[in-house]
Amino acid sequence: MHYLIIGNSIAAAAVIEGIRSQDPEGAITVVGEERQACYARPLISYLLQGKTDEEKMRYRDQAFFDKHKVTVLCETRASHLDAGTKTVALDDGTTLTYDKLVLATGSSPFIPPMEGLGQVKHRFTFLTLDDALALQQVVKGDSRVLILGAGLIGLKCAEGLFGQVRSITVVDLAPRILASILDEKGSAQVQEHLQQKGLTFHLSDRVKEFTANEALLESGTIVGFDMLVVAVGVKPNTSLAKEAGLAVNRGIVVDTSMRTSGKDIWAAGDCAEAEELVSGQHKVLPLLCNAYLQGETAGKDMAGLTEPFNQAIAMNAISFFGLHVITAGLYEGEEKLFAEEGSYKRLFVRDNHLIGYILIGKAVERAGIYTALIRNQTALDTIDFDLISRQPALMAFAKSVRQQQLGGSV
Amino acid sequence: MKHIVVKSRDYQEVNQEIRSTKDKNIVLSEVFGQRYLGSSLKDRELTIEGTAGNALGCFLDGGIITVHGNAQDATGDTMNDGKIVIHGSCGDGTGLAMRGGAIYIRDSSGYRSGIHMKAYEDKQPLLIIGERAGSFLGEYQAGGTIIVLGRNQAGKSPVGYFCGTGMHGGTIYLRCDTLPVSLPPQVAVRDADEADMQVLGGLLEEYCSLFAFDKTELLASHFFVLQPNSATPYKMLYTHV
Amino acid sequence: MAINYLYPDFEVQRNESRCITCRVCERQCANLVHHYDAETGRMTSDESLCVNCHRCVSLCPTRALKIVKTDHVFKENANWRGEVIQDIYRQAETGGVLLASMGTPKPYPVYWDKMLINASQVTNPSIDPLREPMETTTFLGKKSTTIRRDEQGKLITDTTPQLKLAIPIMFSAMSYGSISYNAHKSLALAAEQLGTFYNTGEGGLHEDFYRHGKNTIVQVASGRFGVHPGYLNAGAAIEIKMGQGAKPGIGGHLPGSKIGQDISKTRMIPLHSDAISPAPHHDIYSIEDLRQLVYALKEATNYTKPVIVKVAAVHNISAIASGIARSGADIIAIDGFRGGTGAAPARIRDNVGIPIELALASVDERLRAEGIRNQVSLVVGGSIRSSADVIKAIALGADAIYIATSALIALGCHLCRTCHSGKCNWGIATQNPELVKRLNPEIGSEHLVNLLTAWNHEIKEMMGGMGINSIEALKGNRLMLRGIGLCDAELRILGISHAGA
Amino acid sequence: MKRVYVNEAWCLGCHLCEYYCAYANSGLTDMVKALKDKVIRPRLTIEQEGTISFAVSCRHCTEPLCMKSCIAGAISCKDGLIVIDQSKCVNCYSCIMACPYGALMPSEEQVMQKCELCATNSHGQPVCVQGCPNKAIVYEER
Amino acid sequence: MDGYHQHQYLEGEVRIPSGCAISGIIDRSGKRFSGSDAITSISVMHDRSNGLGGGFAGYGIYPEYEDFTALHIFYYGSEAKRKTEEFLEEHFDLINLSKIPTEKHRAITDEPLIWRYFVMPLPTKLASSQLDEDEYTARCVIRINKEIDGSYVFSSGKNMGVFKAVGYPEDVGAFYRLDDYKGYSWTVHGRYPTNTPGWWGGAHPFSLLSYSVVHNGEISSYDANRRFIEMYGYACTLKTDTEVITYMIDYLHRRQGLTLEEVSSVIAAPFWSTIECKDEEERNALTYLRNTFASMLITGPFSIILGYNGGLMALNDRLKLRSMVAAEKGDKIFIASEEAAIRIIEPNPDRLWYPIGGKPVIAELYTTGQGGAHGHQLPVSGL
């Protein structure tokens, strides 16, 4: 039995663990494009900040691969997948055959066409370790940084660079920051926090034209910069799948066992498009937690244990300069709002279920209890919702449930 | 060879005569229960014909005592070294606090045999009983080895009640198919394994040749091995004022 | 507010350098002694509310607390002592009868402490209880007076019903109501594990505890609370309570405020109505009436349960015991005047009755003199504090011992003697659910089992020292006792010689 | 595996477990020194409402969502014990988002902490259990 | 009271624990033999005595008076004798009275007056007492011992007699000229009391009616036993273990009608753990006996030989803390503290065994009992 994993990040590590929980012997090969061994991409902003280093960033160390008897091919790109012959061609000219394949190819930055972009000398994306290292190379104390995109990646990049550069300006087309995960009030609160720190925002705006060191915005504003980071979004890496004729929408379509439409081919992580629990729709959820759970599910399924994973929900835990934000699910239906000094909480309820929340500041404590309400689709009339909406607490559950949770099996 | 006819003579007199004689071999005949015969004897061989009295060979320190007949109570009391061979049976308290040497009994022994037997370094006492032993065998045993061969017992347990009670060291081997009743909680029992049989083979060598028993036949039977659970059975008993 | 003559008995001493303001003292004091002062960030206390129960002291994780006796004094007076004066103040102010809890604190002689136990030397071997069999199994009940045989000459062995105790110690009567559900449960679980018995007291048997019936003695007292045929048949024995050591001749009452749902159901009386136990049984005004009740209970239980008659130790106890022995009772329980109680008038508790040691000695001797000692078993209680007390009681002639205060102490009681307040911080003498919860029966029963297991070990060691390996050979074996510092009259009553003689 | 289990019937809401926990994980040998005049950060939480109270701490799940959500690979399972490598933690709160018991919280040093059954401090045995006066928290195999 | 006793505690004024040697012989065919074997046997165990007491019981020694109670009485002074004889005449027909023949022995001193009476209860007195003859006699004996100062009945059975004194037992045997008596069974005792007074009455055997007990050991249950048995009309005047054992056996065997095996399972009751192992019927019986007569359990080390008309019973405490050996040769059964004490009179027994603790060895005349020596045994083979 030969398991082949294309991609060497979180999903890949989880696939390995999934396989090995069932099959201690089958051969496993990992093909990864990057130089570095398996690491967690979200950590790159912390690398810039100096909160971690390359060594600590490793998601699984070499001993992990040794223990699980995994062959890792780094800096190797899979160039072609033939589902019929069950072969994968590598860009070094060799071909690997597989019995079972998982595509964990992740995603790539999306760079929209922009006039004059080619003239910009220090131009970066911010997704990989190499991106961060390249950025680090040119950062100087007097650098002016322009970041396109006020989403998670752009702002984490801003936080990573903060203090090491002269100025940071963020431009986004949307009228508010973190528009994909926050509501207006939440955005405003975070924005205020960031502005207090010294970040400059140009929202509802876009770059019309670049020169070497300036960007002319549509509003007419001219922003001078020494370094440019483009962080407007990512797109799933689906080309291998498409070539092989697998069903692909935005991402590679998979079922709850992470099987693609192709025989003996699974997909997991940022490249995959699976059903989201709350909406019931197929979505790409580029979240580390999902990547892991999908990878684990795929790995187990490949090795013979089918344990469907159907609890994927959109969620994010992020912090900027000590201000923590945790969000999950959909922002629809009835809502309950609790806002006070330094704390913001909005809960979304539909049909007797919690379907989403936004928590900022102190309100993030024990957020997982809310997450579990969404995940487990707990009927709210079985718990003391009044109590739990004030404060996430097991107290809100019936005594028997508490006994099960705290005194029973886990 | 010195020959003493004992009959109704006072034990002090007899023991005095034993001590004062130069002969290596001494034979006592017509013995009727005189006490302390062979007490703390060293380097000498004593042969007794008749009934050896209480505390035969007490504090024995290397001598060899052979009895043709039975011995009474407390045979080998606190013996340190040497050998006592009984061509017959013993009364109660045989091998009391024995801490070296060997007692070989052809037939049976009474209550409390091997009580408080103990071992230290090269002092490894051995008590072998051919047929059966009374209750409280190996009571308080702290070391050494007791073997009961259960001859002529038809596989039934060859010991009485409360075998090994208070045991906190040493080993008891019982040759039988049925465990004794009322074994105390301090005692762990197991079936003898290959290694035990090896040990037994060594320990029974001299015994079998002395009484002309068939060692192979004896070893062909099932043995139980009794050992203490703990060397400190009292540890959990106390709290401090 | 009027003048308050009373100064608090105790002072709460808090070591500020150790206090970490965890506030456990505040949370755990039902008397509301401790408070957290947010302004200073420090704990404060109101000692006038303190009953010295040590709950806060025991739970303080840094041992920052201790309770000390106040050094505030009245002018010294050997006759008009401070406590005497304070009692007068209390009564003058309220017009009330002084109420108190647990056994008398007065310094009467404790004869247990004036008796010494024998041990073997040379002529007789002492016995090690860890290896040799050492028996404490005790049967309570009437023994046959003559041997009967069937036609084949075989012994007829059907004795009257007996209680078999693995250890000669039982938990004496404490009602559900006077003590908590969890205290009762602790006793029931421990009795079951130990192979002995606990006693319902007169409060009936909670439905949850019927399952412990084979280790339960059900009590029938003057109030007859919760008594019905199912109850009588639920236990292993029935005890008729005539009196109690702490308050001979006195009834009792559990105030309606304590009669909550559960207790109301168990006692079978209306919610929040007083539970009144009259001083006498109103069907027993004489000894022959006692016989009538004894046999009524035997009839109701088809002669399957031994009947115990419990009386307080009073002056003519030996004559009373003789009468009880002839009433058909199987077991006589005698409660000495140092016995405890949930609530008793202080003057009665402290002044009525006689010590159990003397009562026991004289009852045992009297029953023997009359040749009827074997027709009845004798159980004594009333401040048995240790295994040595047990040994001495049995050597004086008791078959078994009742303990209650010792058991409560094992459960955590610190003898603050304010049971009557209902605010027991240890969850024992209270019905407040928040306080009751503090006594986890798993811990409670474990402590009781530990205590009696330890006592039993000590009993066995002492028996072994005397060369006795069965408890029955100790019973009434007064040669094993010697008096120390006792006068002739005391020695004569106890039936023992003075040490050295 | 032995775990800490909670029986709320016996929880008195005395909060001693929290103090013992904070002390045990303080690295100091003197409780007073460790806790006096400090805001404590215990690794377990007493939930209290009216007369009900109970302690909540890490359940050491066999399928630990915190571990699976940790972006830094800082949470791992060692023989059933879920432990945090605080040197790897970047304080992103993904674990807080994931844990259905709300059993993780930031330490004073702003990295995540949680109950590690005192296996990783000098006490070796859960101190909350030892300090509980009423066996409302027990440490056992179930 | 004589001078000797005025300066010392009397037996009975203090409790005297003692260790000892015992021996017993019975010829089950009823053939009578002299007391010399018993003397020889006990002399081997000289070291177990200390000269403060020795004594014998012989059964079948008065065939010519077998229907009469033989009273052996010590008198300290003629006043005691006068009072006692007055009492006897009031209650009994006196058939024969004489001094018991003795031979001066230098080791036996301070002897009291030693008299023997063969008596039968006065029929009218007996009838009005509503008692049987044994009970009537026993009560009279107890009354004399309790109430008449200086007088002590030390033997009161039929066709049997106790002979005892202060001294070594072999000397006591010679003093009483036991060579001249012939009996089918003999028991003998050498005493090692650990307290000073050696009083003639305090020597063993202790006897009531035809029961006689020799005893080796010291019981720890003494006062529990005494206070219990005294409820039933016995007065333990001597404060010795043997006295209380004798009374208990009398009570259980004669008055309650228990068999000797049942008596043994009361006074040397098996441990509860042992009782638990028995089948239901035996378990019930043992539980019943132990529970009913709980206060008659004897604890502490003891080995006794009970003599009675027609047999001997030997019994060890249940832990067998005292030694005891039994042997058989033809019609004879031997029991002794030490094997040598048997070998000296019978060097080649047919079999020899160690009785088990708590289990009686009972040997009876073929004519009166089962004739065998039965009971549980720890056999010694190879003889």
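Per-chain numbering from 1; labels A, B, C, D and E assigned in written order.
Heads up, the rule we're going with is that a residue touches a chain if its C-beta (ideal position, glycine included) is under 8 Å from a C-beta of that chain, and two chains touch if they have at least 3 such contacts.
Not measured: the values here are computed from a predicted model.
A.B. asks: Please give the groups of chains connected via touching, computed with chain C left out.
C.D. replies: Ignoring chain C, components are A, D | B, E.
A.B. asks: Chains touching chain D and chain E alike, please list them.
C.D. replies: C
A.B. asks: Where the centre of all protein Cα atoms falls, which chain's Cα centre is nearest to that point?
C.D. replies: C
A.B. asks: Counting only C-alpha atoms to place each centre, which chain is farthest from chain A?
C.D. replies: Measuring from the centre of chain A, the most distant chain centre belongs to E.
A.B. asks: Tell me which has more C-beta contacts between its two chains, B-C or B-E.
C.D. replies: Most C-beta pairs in contact, of the two: B-E.
A.B. asks: From the mean C-alpha coordinate of chain A to that of chain C, what's the distance rounded to whole Å?
C.D. replies: Averaging C-alpha atoms per chain gives centres 69 Å apart.
A.B. asks: Averaging over Cα atoms per chain, report the distance between chain A and chain D in Å.
C.D. replies: Each chain reduced to its C-alpha mean, chain A and chain D end up 28 Å apart.
A.B. asks: So, what's the distance in Å between the C-alpha centres of chain B and chain A?
C.D. replies: Roughly 81 Å, centre to centre.
A.B. asks: Could you state the distance in Å from the CA-based centre of chain B to that of chain D?
C.D. replies: Centre separation, chain B to chain D: 60 Å.
A.B. asks: Which residue numbers or ranges of chain B touch two or more of the other chains?
C.D. replies: 136 - these are the residues of chain B that touch more than one other chain.
A.B. asks: Quick one: which residues in chain C touch 2 or more of the other chains?
C.D. replies: In chain C, residues 132-133 touch at least two other chains, as defined above.
A.B. asks: Applying that definition of touch, give me each pair of chains that meets it.
C.D. replies: Here the touching chain pairs work out to A-D, B-C, B-E, C-D, C-E.
A.B. asks: Over in the complex, which chain A residues touch chain D? Could you list them?
C.D. replies: Residue positions touching the partner: 14, 40, 42-43, 46, 51-52, 56-60, 288-289, 292-293, 296, 315-319, 322, 324, 326, 328, 364-369, 371-372, 375-376, 387, 392-395, 399, 402-403, 405-410.
A.B. asks: Sort out for me which residues of chain D touch chain A in the complex.
C.D. replies: 3, 5-8, 45, 47-49, 52, 54, 56, 59-62, 65-66, 68-69, 71-73, 87-88, 90-102, 104-105, 110, 142
A.B. asks: Looking at the complex, which residues from chain C come into contact with chain B?
C.D. replies: 128, 130-133, 454, 457
A.B. asks: Write out the stretch or stretches of chain E touching chain B in their complex.
C.D. replies: Residues 43-45, 47, 271, 273-274, 277, 319-320, 323, 325, 338-341, 343-344, 352, 354, 356-357, 378-382.
A.B. asks: Going by the contact rule set out above, which residues of chain D touch chain C in the complex?
C.D. replies: 9-10, 12-16, 19-20, 23, 31-32, 35-37, 51, 131, 133-136
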